[in-house]
């Protein structure tokens, strides 16, 4: 009984960690972008203020049950994926024995789309055409970036004969080589796919304000938007941690984790500041050109 | 201090603190004052450091900026947009024309008194107000929020009939849909 | 009966619209099958108000015709009035007018940089250029007292002479901005994504351009070289050395290239104006402005604004108030029927992009 | 009496009686067919596996009896058959020619049982033809205008039948027996060329029903044209007969040989699934969409079977069972929409969620299963499939399957959005929830989808037994079905479904409680007309639902692919085919007798030619 | 001045030769006026466009001459070759204002005609275009007519802030603001 209690406490602590780190990364992103744009920018903790304000805002309307549940799906996906991604080497954090032994990469890949589909359902029920257009853009783009992402993952799996994240982390610990060096092409492919996964410019076509007025979230305000922002922060942490675990040998303590994930996080952020937005079909074809090419090479690399 | 009726509880204090430091401004340039908004939001004046940022749709927004005169055609949309915003919400009247009609005092198509139609929390004077005064307006609003006095929306709810009567005087053939927030 | 295709209201409250107007789109997929422009959200009845104002009082109204670029209306009106009255403008006044017009053009170009790049999500360029635009506005402030609305150009000249040391400031600002423009270009025009987005989008053919009366940069982007400053030179433009940017293609890319070329021409023109500024009187003073009358007659004064030909048709009946002042801004042509036509078959993602490249500015459509 | 015979007599007799009942006592008809199906299901589930029935006709000895593999597929047929009959009593209410419909319905169920219990090639072929014909008659049930499409179906079926017949004749010529057992035992005596030829011919025969790529053309039309009550069975169970046949061929004729046939079949199936998914994405009609999706899903199943590894075959059959479950539900749900709202055109229907909440719920569950999203059953199948392919180093195949199933999210969302979400329009204000008789089958099947997500043992243990028949060893741990919640691949990586389920449900419930309780009292429902349409008020003539060309950008991105592969070949081919149909129509008249004569003539020709070339 | 009007005089002469009952006048540099009757306008415009190269429509305007009970319509066209502005002016009856629809000659006339129809009430028979252009739900007289008094309309429709009613000097009134009438509820929320 005690163990279960501690597990749950640890899980909550992990969620809080992911939330905090994700929020600070979002704040740091805003700050960095501001500095690039010659501005002072908001304080690093601005995202916390935003989220708390959104929760404290009244939400007096909803368009039906699915809209109500859309953000819930989103946070379910991000928290569940978090449960299955080892935060530190050798499992979880803070009494929490991570669940990664009970789910592997294939599971995670599927778990990660769970949220966007749930969110899409919520956006669909609002009946706002902007939402629906945003959703079609997002799903189409997802087909684009998932393929190279899975390619790089499959390349690693076939190269090292394991599909579990802990397995990969152990292999890296034993061989002492990060997977970004043992299969560099897989890393390149995955990073290119990651640009799309973060939905930052030039792949921010889902929320593109000038085109679809923030897309799927156009009818979501108050607590819904707050829940989605929280979910987004946790999800950013999950994605970064997953990449660090798989490609950069994981982290043995929190500082290492933060350093590695932040370094990785800078790639989409800095790429985003300097790029205009793609049109949807251009984004898809982008993913199906170079990333796919690198993906094929990484698979060949893995095979021979 | 504990006996002071007007003192805020700690929850209210936190709420007001976050509300004042995170103002999502609706992207609606209703009049010519919108030309100073880019300047206010960009590098020299940078309103984002105060927590002001744009929001694309009224559901997400806290702050409605009426940037200048409102023609009657726009007033209809503004009322609609304002009612779609979620509580708590604030309105800043921007420029002389929102205060008393400004230089359009004899124009048949612009309203003269904004606060007869929607409640205004803060007015910013000038034609057009410089970015500095816009930021001063934001600060003024922030201090009102912190004191818990930016209650225009509550006023609107309470005196809806009065506002509706005024609105109907200029809005012809426009369905004032169900009161919604 | 409901439409088969999806209706999407783009505006008036929409981050992608260039001002307070509305384009009602009918979509099939994300392709536009029908677009209807709705304007009038900014109608202030300027032309009605002008009928109730003195000739001199109109100056306050004129600059508000087009907010991003307030000086061309003043200049066009002044030209028309001078034509009717036969009033001569001193040489220095002409140069100062051109200087103010070119500075206004410069800041408008910089605002355009923000709009064009911001509509594709490249906010960095916009942040830079709008931030740097403040330096130009500072010059205005020093010269005229206002950041946005200047009321500087009067019939007969300009309102006041330049302050001391102003030339240096202008030249220094130009040096700085010229440097910065290269930065914007590197980020915007050199970006492969921007090129992909802009090329082949929003095409106006040469024939269509003539038929619809396209003016300004969109016209020069079709490969047709017309510019009021060259065709009917006003103020000091016949003494300046500058070129029109003429690019083929008629798409957003060509229009962007035209502006990219012309912003440099503008800077060089400002330098020429400062260097060749003649001395002398700056204003051919009118008698008591409040009792000033203009002889009966009518004229059409036009200048080249950043978006194209801006004209005023001024009719006087000999009294102290204008009989009729009718403005014709470039957006009047571009923003209503041309936009409706160009948008058909385009992608939803490009609407805001195209509108920015056409320079649709609603306040001058509905006035 | 032998219960095999009893089943067949009951079902075919029941079919004829229901036809007669419709003429004379229409009131009893519905109750009767349901009772018949109930009886059959009862008989089937209590059947003794060892039971068999031998007889001889014209010197050819025939044998009937269920193998475990057949029994497994029989479960699908019996379960789905019963539920879809139950569903169709409400769905078909008020339509004409119901006797004809129910007779063919029962006939095709009977034929499927027959196929599954045949242990010889002759009865297999016989029942196969009955199945083809009864399904054809239902495809053309809706009327004359769909005859062209029905003809496409019957023509492809005929091609399949000829191929099968040819294989049977060749086999008989060499082996001298029609018994499957004999065939499987002595096939290796034949020369390699003949073995390949026979395998390919049989696979064409079965492939037509499975709608594998070169011969899938009939499927979208046939699936969408027949009444949805039957399509549930058609796509859910009838197509599985092809899978069953594939399993027979792949594991008895091909396996162990180094012919690359496995690989070719797997690639064909993968390409089928990708292209069919792309086509499903761009469909406008929900029925068509589901039809293409069926083709794609059958592609996964065949990939799984063709991979030949333990996990792959397990995944294939698991997906086959599950496909019957969720696609049955989906076709039923779309049928419910068609019946209640009048159309399934996704460019017209919208916003039914508040009108038909239970139908939406069943659809949602099935779609989640279809998309393979945890924690429902579809994920189990997908996981096993991926792991099987990855562990057997078929990584490019994995990418194909992954492309297909990622693109499947698109049409999954499309169907949910197109029918149930979006604006609630006044012209659908009258729509009511489907009757209970239609809801019960859907919800039951949806329940199975949910259950298999956490307890895959429920399905996997029967599959294991069937796989023993197909020649795989038992790798499942020896435990009860509810204990089997951990899946392993050959590298030892696993997924613990219990943890997945607990984690997802836990987080979901906590978050849902939080978001519902917070500000609950102040929140109220507003209609979908109250949306932020840029400050404008929606006019009655505005269509605010995004319906037409839903995935236009995606379509543009994949257009080169579709164009090169399908446009140039298939449309051309299809156009040619249409012309050919017109010609064939004159010979066929859609009349069964002509077809029978034609088959006979072909058979005679084949026998003549065969005796000349093969010496018998 | 007069010496430099060669081009202008030439154009005036050309038009005079081509059409009978019109009056032309080379007014000043770059400007030529042509006064014509309502029926002749379209043929003049077509002639100028096709024969003389006045391809570009610069402007179309309407002036209300209330005193003589007429509307004056002005078409300003411009030639890329000669760079002259040609004003074609015509007067139409103010009581029953009608003008030929010419948006097939220049497509952009569509917009002008929509505006003039709305603002002056001039009808263009056969003209297709949405009725409402700038105004919405306008029930009064066309606002740009000179007999429409905008100040009166404003006084009827809109509210005035106290202290501005004399439209001249607000300082005095602001000093007397204590007499301002505040709605009851507003007093309750007053921030003092």
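General remarks:
For clarity, chains are labelled A, B, C, D and E in written order, and residue numbers in each chain start from 1.
Here, contacts are C-beta pairs under 8 Å (C-beta built on N, C-alpha and C of every residue); 3 or more make two chains touch, one makes a residue touch a chain.
The model shown is predicted, which means the values in this text are computed figures rather than measured ones.
Looking at chain B and chain D, the chains that touch each of them are A, C. The most central chain, judged by the distance from its Cα centroid to the centroid of all protein Cα atoms shown, is A. Most remote from chain B, judged by the distance between CA-atom centroids, is D. For the pairs A-D and A-C, the count of C-beta pairs in contact is higher at A-D.
Using the mean of the Cα atoms as each chain's centre, the chain most removed from chain A is E. Chain C and chain D, compared by their mean Cα positions, are separated by 64 Å. Chain A and chain B have Cα centroids separated by 36 Å. In terms of their C-alpha centroids, the spacing between chain C and chain E amounts to 21 Å. The residues of chain A that reach two or more other chains are 37-39, 58-61, 129-130, 133, 136, 209, 213-214, 218-219, 222, 279-280, listed in rising order. Taken residue by residue, chain E touches two or more other chains at 135-136, 143, 148, 150-151, whereas all remaining positions touch fewer. The residues of chain B that reach two or more other chains are 27-28, 42-43, 54, 56-59, 73, 77, 81, 106-109, 174, 180, listed in rising order. Touching pairs of chains, sorted by label, consist of A-B, A-C, A-D, B-C, B-D, B-E, C-D, C-E. Only residues 26-32, 34-36, 38-39, 42-44, 54, 56-58, 69, 71, 73-74, 77, 81, 103-104, 106-110, 127-128, 130 of chain B touch chain C when the two sit together in their complex. Residues of chain A that touch chain C in their complex: 33, 36-39, 129-130, 133, 136, 201-202, 204-205, 208-214, 273-280, 282. The touching residues of chain B, counted against chain D in their complex, run 28, 57-59, 77-78, 80-81, 84, 174-175, 177-178, 180. By the touch criterion stated above, chain E contacts chain B in their complex at residues 135-137, 139-140, 143, 148, 150-151, 153-154, 157-161, 163-164, 167, 183, 185-186, 189, 191. On chain B, the positions that touch chain A within their shared complex are 14-15, 17-19, 21-22, 24, 27, 42-43, 46, 48-49, 51, 53-57, 59-62, 86-88, 180-181.
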